[in-house]
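Shared between the two complexes below is subunit A, which has subunit B as its partner in the first and subunit C in the second.
So, the complex of A and B:
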């Protein structure tokens, strides 16, 4: 596959060092990076800590401004900022999810969510910040409601996946939850009215053009009508969803997620992929490379096509665990 | 030979010719009745074991529900509305569990639902209660 535009190139700006074990995940604080507020990034690691990095001044290098330690007793696998940027949730192999609040210059652990039987793999806030979802090796997905005073209440425990659930992600506009798993499927969960009754309303598996191996990650574009999933089967797939049908609800709003396109580009398992604001997809894989894809201007009769925008080989020395676009 | 002699010769040979079939039938009858007896006994043992397990787990939830309900009666504001609703749902599930109808297909769904609600309530109340009866996923180490 030829590059669409040979002049586009990925250039490493800075390498952030400090963690003493592999870095599993990253999250940009959504309330930073524009309007004069320096960008803030959180990274979580096998060294059981989370580091906060800030760009100081706004165009300068990133510096580590805080280390969140002595709370998790095992690897911190994933971290996510609340939409307001005030809270940071961290999911750990120690079976807990910690909620941190920024007060003054320090981060304080204000709540600990327990309930998973073993390693928590991922955590995600919904668009309004009123709900939090976690998932783990115990095959379950938990939904928590955020209450005043940093209280969290368990709304539902969802069973359905047959194996380890690798990631959960809320849809960017509708309160529908997506999860992906070692069982090769992506499941879609929605609430029945307002009753706390969450069900799996759709499963994207091999029979609907889904993946044939572990699905590691999923991500939505800004409007939520497209989703990208990345997998151990060496492909990423783009899915389309009918937002209008999703929003009009009813008891079950079946989301016709249809596989649009897939890429057989990878030599190593694809661990992560993410849409940016303009619809460029970045992906990272076990072959140590970062790739960018973009939807092409000429569309085929049966749907949109995608082109490889650029590829950065050996972006890291080992597997790439996470890619995150700065939304500013 | 006249017909009487012929049939008595046939009779003598009959029992020899049918030896295999006779023994087969005898063996079958013996096996069947032995199987019936031991199957019944095994069924009784399995039933006792499963019944005990189910009863013990239901009893555990009954106990928790009763304690929580007493707490709510004493102090209605101690648990949130959602927790109270879940406890009520658990109460209904336990009360309507088809104890006398083990072949009812919904029993595993009811039990699963009870287990999940129990975990949700414990997580919200921040209590570490665990029912030790059934094997957990974490116990399977590979």
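So, the complex of A and C:
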């Protein structure tokens, strides 16, 4: 694929309608979309429901195959599939996280995680599906262990952020948890080898080239050596991670993150950005546009640069809340 | 509640002589309707009122309290942006976030959805101005606040048409 190419553009293939309030989050079921299995997408909304969409047939249009309702009593802010694709976790302003299992076309709520004092904003599964993390306006990050029989046990409540935590995301290869917040920082949490206690091992704030306002989202590339963060300060930043140091077992080595490139001045807060499998970054902002960025082939002495590959203005009529690549 | 406005003796300004304008009416989403400053001012002021505990029979409007003035409204029709700068009645006014929320809700209900609204406290007029501004412009926080029935009641009471 030859990038930085005038002919690259984003084309809308379908508009999925059904939700009656803003759509906050999306998630592709990782066990679908290849080997003849039609792609499945979950979307969650201010209308308190989650909708499941399936491509039918495999390369045809998406249809809504299920509506998960009458469970959450307030906005559903975020949803995430377990790595096996068998479970869907949904985080809600009603202070709970629901776990859904599907058999056939039906979804059933098999567990409800309680504990947050108020709105839960995000939920994330680790790479093996053995751990779940949630975060919320109560400034805390919770880590839950996934036990047999759809049981979930809280193993840690992490305090440290000074404000509302907007998103949590597990690293794609190592069990290290990242969180970003209204306090303008990104925090990195890891388990202490000796005591099995989780604690904050690094904070990425303004003093180390971090954001100067709310950090809305973070996302890793496939190998986990790069992370992109999006912020109310109108920029996205790309960070480098040293996986070897992260993995050196026993004594945990803090993740050294350096800001590789400060981006682009958007006309609007950047709510979301995501790496695809090949390292293309998609971002969505309050200016209703979706942008794609790619690393430049010419590397500079002081580090990589990124180019805007394409921009789709007015991709939606209002703010873009979430972008998700289908990585099948 | 609203009647607990932390300002027992508000300074009331003379209401400006309003020039004759036709009612804005329902806003047509699809019309290329250009909004101007005065129209927004009218939208905001015509129905927001605060009740003075000493004089609950005579609610005061934001204009009378000099909370917003016409020149504190900026409109960019090209980008569909509106910015409203308001002045809380006292520097530590704990109602600042509620006033800001009322302004936002009123505009949300009155303007076409393509408009992005920025609500700010006038610089130098509030002790925790940055904190208030951040909260007022965090759409997730605003959305969550508007799911709180007590807060919604308070906002609705402020925005209810006055029959005086």
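Methods note: the second predicted complex is superposed on the first by the 318 of 328 C-alpha atoms of A that agree within 3 Å, B and C clash if a C-alpha of one lies under 4 Å from a C-alpha of the other, contacts with A are read in each partner's own complex, and residues count from 1 in each chain.
FYI, a contact is a pair of C-beta atoms (placed from the backbone, for glycine too) under 8 Å apart; a residue touches a chain by one contact, two chains touch by 3 or more.
Keep in mind that this is a model prediction, so the values were computed, not measured.
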First (subunit B), second (subunit C), both or neither touched by A:138: first
Which of subunit B and subunit C A:53 touches, first, second, both or neither: neither
Which superposed partner A:117 touches (first subunit B, second subunit C, both, neither): first
Which superposed partner A:75 touches (first subunit B, second subunit C, both, neither): second
Which of subunit B and subunit C A:100 touches, first, second, both or neither: neither
Which of subunit B and subunit C A:196 touches, first, second, both or neither: first
Touched partner set for A:153, first subunit B, second subunit C, both or neither: first
First (subunit B), second (subunit C), both or neither touched by A:293: neither
Overlap of the subunit B and subunit C footprints on subunit A, listed as residue numbers: none
List of subunit C residues in touch with subunit A within their complex: 79, 113-114, 116, 134, 138-141, 143-144, 147
Sites on subunit A touched by subunit B in the complex: 113-115, 117-118, 138-139, 142, 145, 152-157, 159, 196
Of subunit B, residues touching subunit A in the complex: 80, 82-83, 85, 112, 116-117, 119-124, 126, 128, 136-138
Residues of subunit A that touch subunit C when the two form their complex: 22, 46, 74-75, 77, 93, 119, 121, 137, 164, 166, 182, 213-214, 232, 267-268, 286, 317-319
